[in-house]
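Input: a single structure, listed below in structure tokens.
By letter and in written order, the chains are A, B, C and D; residue numbering begins at 1 in each of them.
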Amino acid sequence: MRVLIANRGEIALRLVRACHELGWEAVAVHSQVDGAQPYVLAADAAVALGPSAPQDSYLNVPKLLAAARETGCQAVHPGYGFLAENPAFARAVLDAGLVWMGPPPEVIELLGCKTAARQLAARVGVPVVPGTEPLASVEQARAFAREVGYPILLKAVGGGGGKGMRVVGSEGELAEAYARASAEGQAFFADPRVYAEKLVAFPRHVEVQILADGFGRVVHVGERECSIQRRHQKLLEETPSPAVSPELRKRLGEAAVAVCQAAGYVTAGTVEFLLTAEGQFYFLEVNTRLQVEHPITEVVYGVDLAQWMMRLALGEPLTLQQQDLVPRGHAVECRVYAEDPERDFAPSPGTVCVLKEPAGPGVRVDSGVEQGSPVPTEYDPILAKLIVWGETREHALSRLSRALSEFVVLGVRTTLPLFRWLLDDPDFRQGRVHTGFLPGFLAGRATKAEPIAVAVAAALETLGTGVEPPDPTAFRTDLAAWRQAGRQRLLWRWAP
Amino acid sequence: MIRCFRLADPQQPVKVRVVSGNVEVEVGDQRFHFQLELSGPGGGFIHVEGKKLPLFCARLRPGVWQLFFGGQEHTVVLEDPLRASPRPARGHDGQEELVAPIPGRVVQVLVPAGAEVAPGTPVVVLEAMKMQNLIATQVAGRVREVRVAPGATVEAG
Amino acid sequence: MRVLIANRGEIALRLVRACHELGWEAVAVHSQVDGAQPYVLAADAAVALGPSAPQDSYLNVPKLLAAARETGCQAVHPGYGFLAENPAFARAVLDAGLVWMGPPPEVIELLGCKTAARQLAARVGVPVVPGTEPLASVEQARAFAREVGYPILLKAVGGGGGKGMRVVGSEGELAEAYARASAEGQAFFADPRVYAEKLVAFPRHVEVQILADGFGRVVHVGERECSIQRRHQKLLEETPSPAVSPELRKRLGEAAVAVCQAAGYVTAGTVEFLLTAEGQFYFLEVNTRLQVEHPITEVVYGVDLAQWMMRLALGEPLTLQQQDLVPRGHAVECRVYAEDPERDFAPSPGTVCVLKEPAGPGVRVDSGVEQGSPVPTEYDPILAKLIVWGETREHALSRLSRALSEFVVLGVRTTLPLFRWLLDDPDFRQGRVHTGFLPGFLAGRATKAEPIAVAVAAALETLGTGVEPPDPTAFRTDLAAWRQAGRQRLLWRWAP
Amino acid sequence: MIRCFRLADPQQPVKVRVVSGNVEVEVGDQRFHFQLELSGPGGGFIHVEGKKLPLFCARLRPGVWQLFFGGQEHTVVLEDPLRASPRPARGHDGQEELVAPIPGRVVQVLVPAGAEVAPGTPVVVLEAMKMQNLIATQVAGRVREVRVAPGATVEAG
């Protein structure tokens, strides 16, 4: 078996590793800027797609299909993002006679239409947040808001991961929010339609992992708490959720299974819910992909979701039994993004000059970079994911603290400092969070350099050196320069 | 070797004296003594109060240091008092120039040259790492010149 | 709480991490050659013990106690090896008013006498291999051998980990083997006494992990298969054992618990058994320490043994229930030793010039070195442990293969190539192993450099450079040299 | 650049031609073409048959290479045919000199100077990494001189 991995970065490396562990071969694709990324080097073959712009590379269906054909692949796994939830791509893959390692295109299409998904959930008895059909105009949004009251949410019909989503606090904000949500929907999902939902106050974002085979069997693999978000994108996830009892887990799981069964779901998927402080849950949407945060479920449930997704796509029956899928211990994932948490998560592309990853008991790092890797501006800014497991939540958080104290990424700003701050927060330590937690948490912070750090920096500046982010055009060292340097007793490695 | 800097935030004088790895630094009215044992431009060790701390460092720009030691990351911005302090982003004739706060691709320019703007008026949509960001002006006045077009790529600054 | 870690290398780092995860401080001790090892840098304080010879550093009780006193420690954890199973050290720690993070000294003493341990096991109805009391002379050994027939085993009374142990195949070998076992017993355990045992043909080495509190509660945490050995030292361990059924696990576990209960055991320990091809097991001995191979039990049983050992030593009650301790999936550990598997495991001290550790799903690396670390000749040659987990044994072995393909250690010879060879062996893949498996496996091998590797080496030699193991006297770069080099756009890190 | 080597085991001629990163090598009667893209003395990439393979390398001694690529470790011993082939360990007057095969500490010298030894006679107990190793001579004869004493540290060779 040979699988084309139609993605990049950490998830591409995760999938290359899954293929190798299944005894298969994996083919990587890469744009101009990604030719030496770890996932490319780990693959058995690599195909250059062209320029770095996503539409010329990772979003370019003809190029991806040609790459699969040329390298003799029998299957395509899309990862997350890019074309993972694009039914046209799924169809094109199937039409080319290849195995599509995701849910059937008609299921992606059905669940990708958020309003149709809501209808489906309501039909099988799963509660949904009050909301609308796709709106014809901003006036319809205004009418809905007047009916249920502000704040409301505007969401792109094809959206996901916070893209094409806007909170509208008052009527004055409505027109611009509508235009922006629609523009993002058009830009990212080629669909400008927008729908509206009542905003639930201080909800938790809790989602349920499911696995389904082609013979109608669906199991759930517990929930994930994903309330720590910035701009509606998750930053830290954990399982079990501190707010979910075994009884609530059972009800959430059954709701998720009911929705997926009704949709004819196959492979791995995630059903997202809002959970109120009172323990009421509402169906939000189904993510028809392997989620970024799948590893925490893997370590707490002892299941390899990536391998199961591939095997289920090949038609294997699901042999896992629901009663065997019980959580053991607690896991937390931190997403290391190249973003500056002190500047409202401004993107921070550049070069990873210094990288030292944590290791040891209970620590897993799914990384897409190595020391010297460029962090291009064109793509999702995820560098790595730190996953820790502990016997209890307290154990996992202590371990997280230890692992974060070992994790060094310099050259770009990252979200790593944010996680260190979070661990000092009593509300977070107690699990008292909601989707609006992070903005409030950050608003109360002011960071100043510690005097000892100022002293060290001043000493280094006086000595006048340090690793500087390299000039990207000077990446490729030539042999002559290397030979010249080689006699020196230096240990260095520079991944171009 | 003796050098003086100015800490950017909060504004404080910083005075450094280095004699073969022995470092004395004054930061405002605080004094620090330590030894630096550097094993490369990427780091080395700080010897302070009998403890050997691994140090990792990257110099993002002259005077701008990203450090890691003691389990924590630190960012320090030092200014050289001998050089002119960084010019506020200012065009000719006292006019304000809008400077991109982040690198990215211009999606849309929301105001034409000649338009009147108030502080906070969004003027450009900048896309970086898959997020569209609304960039607003911080002053009132009239847009004199638009130097970017949709599709253009800009660096921060 | 402040704990002195009276050890070095990977186990010292494991224990420093455990302390930090418990919210405690850890104090490292180090000899002259170990001052910049990762475990020293990770600790909250470090005490230099002196010269590199073990008797002047890690075996020096007065220096260790002084270090604990000077740094204000309240407890001492001995790790494995060195003084871990030395009752005099345990007593000295207790006499100094410190907590000893191991079993009580009288238990170490009782179980450290292998013949007393055998008697204890027999008394509680656990089968033991036919054997002798401590021997007064080589003649007594000869008499025993004539009674049960060759081959027999000679073992130092205070021994463990294969030290002071000799297989005697015929009467002609007996005198020298007796002298060597006695000499090693004297050198390592300050006890020249030797006893004899009938050698069981083709046994598996299977051991059971136990945890015990000070209130008489003892649980077992399953078995470990440790049959892959060289010179009676383990190289690769796995759990569950391919030869142990749930029913046999229960019987082995109950036997281990019975022995430990009778001995008054407290904290973490391991009961070793021989398991014959027919499923008969014999008690071998009790290791009164945290074993090198404890991580495989941690990942398959979801229990943090290092933390439990520390907490139990502080007098906490054991809250784990036997019925909750069920294996989930399969784990394998590979010990990365600085030894040359192509030269009969000859020691290969030197410098780790290039180091790249594997990561990702199901992979844990407990490492004691980083790039640039010296590998001194004075100590146990363990560099790191690679632990992989999988849903099944097959899954774990495939993952091991993937992880090994990512693991680079250059500058010294290591056992890493051996594990790659093992994975290609049909008997090993099927779990058909015994304690004599490895020598036979290696005898059938002849490795020649692949022509493509010859070609690459010849090209590199022509270019005339490469990372060379450094001159140890030139380790410490001074500031002037560094400044000179600093302007170059190189990324390097050199741990002195 | 052209150079010739001799592979130590099995004995084979090796001929290398390098032109700015393009490498042609003959190993016995096999020919290899590839490109080396080196990013430092610790490694780089091999470009071979359209694939970019990360390469890690350490030169343990002149001619002795430890390599890692394609998920495997390789050790290669090359000899320079222009230099004399490595002298077998041999003292003056055709007498054999016992050379330590591993580094370690001498625990015991088992034979005095003047003793008669047969091939395989253990002569020294060497301790390295906590294992005592019995070192035997491979020739018959009389011990001429004992140059080490218990407690001494020896290097390999």
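Please note the rule applied: a residue touches a chain if its C-beta (ideal position, glycine included) is under 8 Å from a C-beta of that chain, and two chains touch if they have at least 3 such contacts.
Because the structure is a prediction, the values reported are computed rather than measured.
J.: Counting only Cα atoms for the centres, state how far subunit C is from subunit D in Å.
T.: Each chain's C-alpha centroid was found; their separation is 29 Å.
J.: Need the CA-centroid distance for the pair subunit B / subunit C, whole Å please.
T.: Using C-alpha averages as centres, the distance is 49 Å.
J.: How many angstrom lie between the centres of subunit A and subunit C, each centre taken as the mean Cα position?
T.: The answer is 39 Å.
J.: Considering subunit D alone, which of its residues make contact with at least two other chains?
T.: In subunit D, residues 36, 38, 40-43 touch at least two other chains, as defined above.
J.: Please output the residue numbers of subunit C that touch at least 2 other chains, ranges allowed.
T.: Expected reply: 353-354, 405-406, 463, 465-468, 479, 482, 485-486, 490-494.
J.: Looking only at which chains touch which, which shape fits best: line, ring, star, complete or other?
T.: Looks like something else, not a line, ring, star or complete graph.
J.: Spell out all pairs of chains that touch, sorted by label.
T.: Every touching chain pair, ordered by label, is A-B, A-C, A-D, B-C, C-D.
J.: Can you list the residues on subunit D that touch subunit C in the complex?
T.: My answer: residues 1, 3, 5, 7, 9-10, 12, 14, 16, 18, 23, 25, 27-28, 30, 32, 34, 36, 38, 40-43, 46, 48, 55-60, 62-63, 65-69, 71-78, 101-105, 107, 128-132, 134, 153.
J.: List the residues on subunit B that touch subunit C in their complex, please.
T.: 20-21, 36-45, 50-54
J.: Can you list the subunit A residues touching subunit C in their complex?
T.: It comes out as residues 13-14, 17-18, 20-23, 42, 295, 298, 302-304, 306-307, 328-329, 353-354, 357, 359-367, 371-372, 390-391, 395, 398-399, 401-402, 405-406, 463-468, 470, 474, 479, 482-483, 485-494.
J.: Give the list of subunit A residues in touch with subunit B in this complex.
T.: 163, 180, 183-184, 187-188, 231, 338-339, 342-343, 346-347, 349, 353-354, 356, 377-381, 404-406, 408, 410-411, 413, 416-417, 420, 448-463, 465-469, 490, 492
J.: Which subunit A residues qualify as touching subunit D in the complex?
T.: Subunit A residues touching subunit D: 35-36, 40-41, 45-46, 476-479, 482, 485-486, 490-496.
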